[in-house]
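One structure is given here, and the rest of the page talks about it.
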Amino acid sequence: MEQAVAVQAPHALGVRGLVLKYGGVTALAGVDLVVPSGAVVGLIGPNGSGKSSFINVVSGAYRGPYSGEVAIDGRDVRSVPAYSRADAGLSRIFQGIRLFDTLSVEQNILLGAHSRYRSGYLASVLRTRRARAERDEQRQRARAIMATFGDRLLPRADDQVMSLSYANRRRVEIARALMPEPRLLLLDEPMAGMNPHETEELTDHLLDLNRTAGTSMLLVEHKMGVISDLCSDVYVLDSGTVIAHGTAAEVQADDSVIEAFLG
Amino acid sequence: MTTFTTTTPGVDRRGLRGLLPRGARAITSTSIWGAVLLVVLLVPVLQLPPIFSAALLLTIIYIPAAVGQNLIIGNAGLLAMGQAAFVGVGAYTAGILAVRFEVDGSIAILAAVLLSAGVGALVGIPALRISGDYLFIVSLGFNLIVMDVARNWVDVTGGATGLTGIPTLTLFGMDMGVGQTFYFSVLVMVLVSLVVVQAITSSRFGLTMEAIRDDEAAAIASGIRPAGPKVQFFAIGSALAGLSGALLAYNLGYVGSGSFDVSDSLLIFQMAVIGGLGRITGSILGAFIIILLPELLRPLQDYRLLLAGLVIVILMILRPEGILGKAKITNLIKK
Amino acid sequence: MEFFATQLLNGLTSGVVYAMLAVGYSLVYGILQQINFAHGYVYMFGAFTTAAFITGGAPLPIAIGGGIAVGVIIIIIVERFAYRPVRGNRLAPTVTAVGVGLIIENVARLIWGSQIRPLPFPLQNEIIDLGPFVISPLQIVVGAVGVLMAAGLWFITAKTNIGRAMRAVKDDLPTAELMGIPVNRVVVFVYVLGAIFGVIGGILYGAYYNTISVTMGFAGTLNAFTATVIGGIGSVWGAFAGGLLLGVVQSMVTGYVSSALLNTVTFVLLVGFLLLRPTGIAGTKVANRL
């Protein structure tokens, strides 16, 4: 599957021959998946298909052995621990929203930029000139990102995120994930728990994001409507293998896909 | 212990002020600090009975230890206790240096703080792999060990009889005596430590620690490596306890192995919890409640521990974050 | 050889006591995932009550029964008013338990003072000479009681309805509730069972060593906890084995090396197992065993 293009941005995510086994179970049996730079790619599959395992390998949460290649922004991340993957260009949001609950909206978002700071902890305590300059720079970026959500987040910048609505909490999580200008944004069921109106709003937001900033995304979702609206390319996973790959329309019409979901 | 850098004035804050009616919310953190400062500065002037001023001095001496405990449990979210062990390390270090080596107070206290920090960091490293539930029993067990060492290492610590004859505090050559000058020296050192703590907790470093506490997985996904801040906060919390210990040594003129027991650890723990996790002012309040209040209410002296236990039980039901603590913090601590 | 045998027997005896404590503790932790910090304090209070009864002239069965009854009453009150209201929170129950421990310890202190006291018990001064070494009939009693109680516990948990209910609560509390299991009652039962084991352990301890003090509360919790970790959380047989191992190792080290090392031994075992083999001797939880 060599691409014969010389001068092109590396794939946001390139997975080749990923095999994952543990406890006698083969969670992933040779998965090939590519998120081209600037694309939004979907990953769907019934429960137990291996989606979570896949995400855990890509995010680094899974620390065990696996075979195959996993490359983010063209760089193999096998030896990159989970806390360094943000540096490698990966940002993610979690199934079930994980925020820093006792902190404010702004503080949550600022923390997303952690990997971008050159000045260290000591500098931040001593409030050196460079630390202060970086802080101001990141605060400006945070405000800019919050502004893209209209009046949802900015007026609530100092509120504890705990007090926010579910949809707003999701928006904060996305804003936080965007702070380090990620090469790959991994979205794990971002629309779960949202009503149709909120889903539509968030879908538009993500489309906009992809169009203007060119942010590459891997979207794991159950709502096919969202997948069709957002994804140029869809992979279908079942029992650890990719059983279909194509556009949303193609994949939806595929017999083996229908059977996997219904059977 | 963060101060939210507000750009929107009048934003609803958490903590005790959340309970107050709108008008009263103008009372900010600054006024609490101001009131406390006023009180502690005026006290020597007021010529209060020695028992009271002695109790006040003891309270102020224990504030760093309580704040340190708060940093570990409240800010870092590590359920580690046994602070009294580090108070002991600090006390013995300062005491030994002062008595045996006749070292200036500034050096003795600095050494106490650094050694406590070092031991704290050493303890913090294995603590990374021991999860919440177990950590607190292990830390109390560590407390017991330190006590055993203190009791048995007779050559160094004086064993069960302890270390006597600690001279009065000399700072940079000047003798601070036992009266007002000593009181103010202690006050200044404690205030400096509080300023340092505030600088830490309101910085990006402090915020990062809180993020790790609130959700370690999300912190890791944001590129944060949890181990570093955890060990560092362990060290800082222990260093503060060491400071309390050093000041205690100079205050009493004596260091005995009985003062750094598990029950003392539990008392310090209560100061942090009752006063409020996640806020410095909470630990100050906690120290006042645990040490000073029983002094003021003399008949309560004997029942102090009993009442503290009762207060804790009731508090956990009604307001688990403590009087001045950060909302919902107790739902996030524990692995 | 004689010294070795003596130390071994001593260790096994204290080991049985630790086992009793550990079993009581492990039950609660295994089923409710709550660290019952107050466990050791209840055991101490029960032992003191029994001592008070004995020195007051009451017959032995009444004294023992009284001690157990008091322990049970305490834990019922504690569970109802201190633990149950904070069951949902994650940190609060641990903190509450510390508060409860303090309350119990200081009530005991107020009633009985801080002095070490004896616990007079029959057979304390008797010895059976077995040639190469001596054994105390009390040691045999302690051992027998321990084994009987463990067997009884196994029977309850494996063969009775309440035992099944306990296992259901352990596996999934909300589901057990939905299935109509009276969760609150099961929880109380578990705590009560734990307290009974603990108090009997305390009485045995006091009887064997003929000393009790209010400070044995925390030591009791620490030993129970360590034995549980050694044996494996959630396994009753593991807790038993852990207790025995702890007792023997303590006895050997204090006998052959130094008596000052008692706490250090416990601590080293605790941390060692936590870091190197957190699942304990018993390994991972066996599905239907407690």
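A few comments on the model shown:
Letters A, B and C mark the chains in the order given here, with residues in each chain numbered from 1 onward.
Operating definition for what follows: contacts are C-beta pairs under 8 Å (C-beta built on N, C-alpha and C of every residue); 3 or more make two chains touch, one makes a residue touch a chain.
Nothing here was measured: the structure is a model prediction, and the numbers come from that model.
When each chain is reduced to the mean of its CA atoms, the one lying nearest the mean of all protein CA atoms is B. Greatest Cα centroid separation from chain A: this falls to C. Averaged C-alpha coordinates put the centre of chain A at 49 Å from the centre of chain C. Centre to centre, using the average C-alpha position, chain B and chain C are separated by 33 Å. Chain A and chain B, compared by their mean Cα positions, are separated by 41 Å. Residue numbers of chain B whose C-beta contacts span two or more other chains: 331-332. For chain A in complex with chain B, the residues that touch the partner chain are 59, 61, 82-87, 91-92, 94, 98-104, 107, 110-112, 114-115, 117, 121-122, 124-125, 127, 131, 135, 155, 157-160, 162, 176, 180. Partner chain C is touched in their complex by these residues of chain B: 79, 126, 129-130, 133-134, 136-138, 140-142, 144-145, 147-148, 151-152, 262-263, 266, 269-270, 273, 302-303, 305-306, 308-313, 316-317, 320, 330-334.
Residues of chain B touching chain A in their complex: 2, 4, 6-8, 11-12, 14, 199-200, 203-208, 210-211, 214-215, 217-226, 228-229, 232, 278, 326-329, 331-332. Considering their complex, residues 33, 35, 81-82, 85-86, 89-96, 98-103, 105-107, 110, 218, 221-222, 225-226, 229, 260-261, 263-264, 266-267, 270-271, 274-275 of chain C touch chain B.
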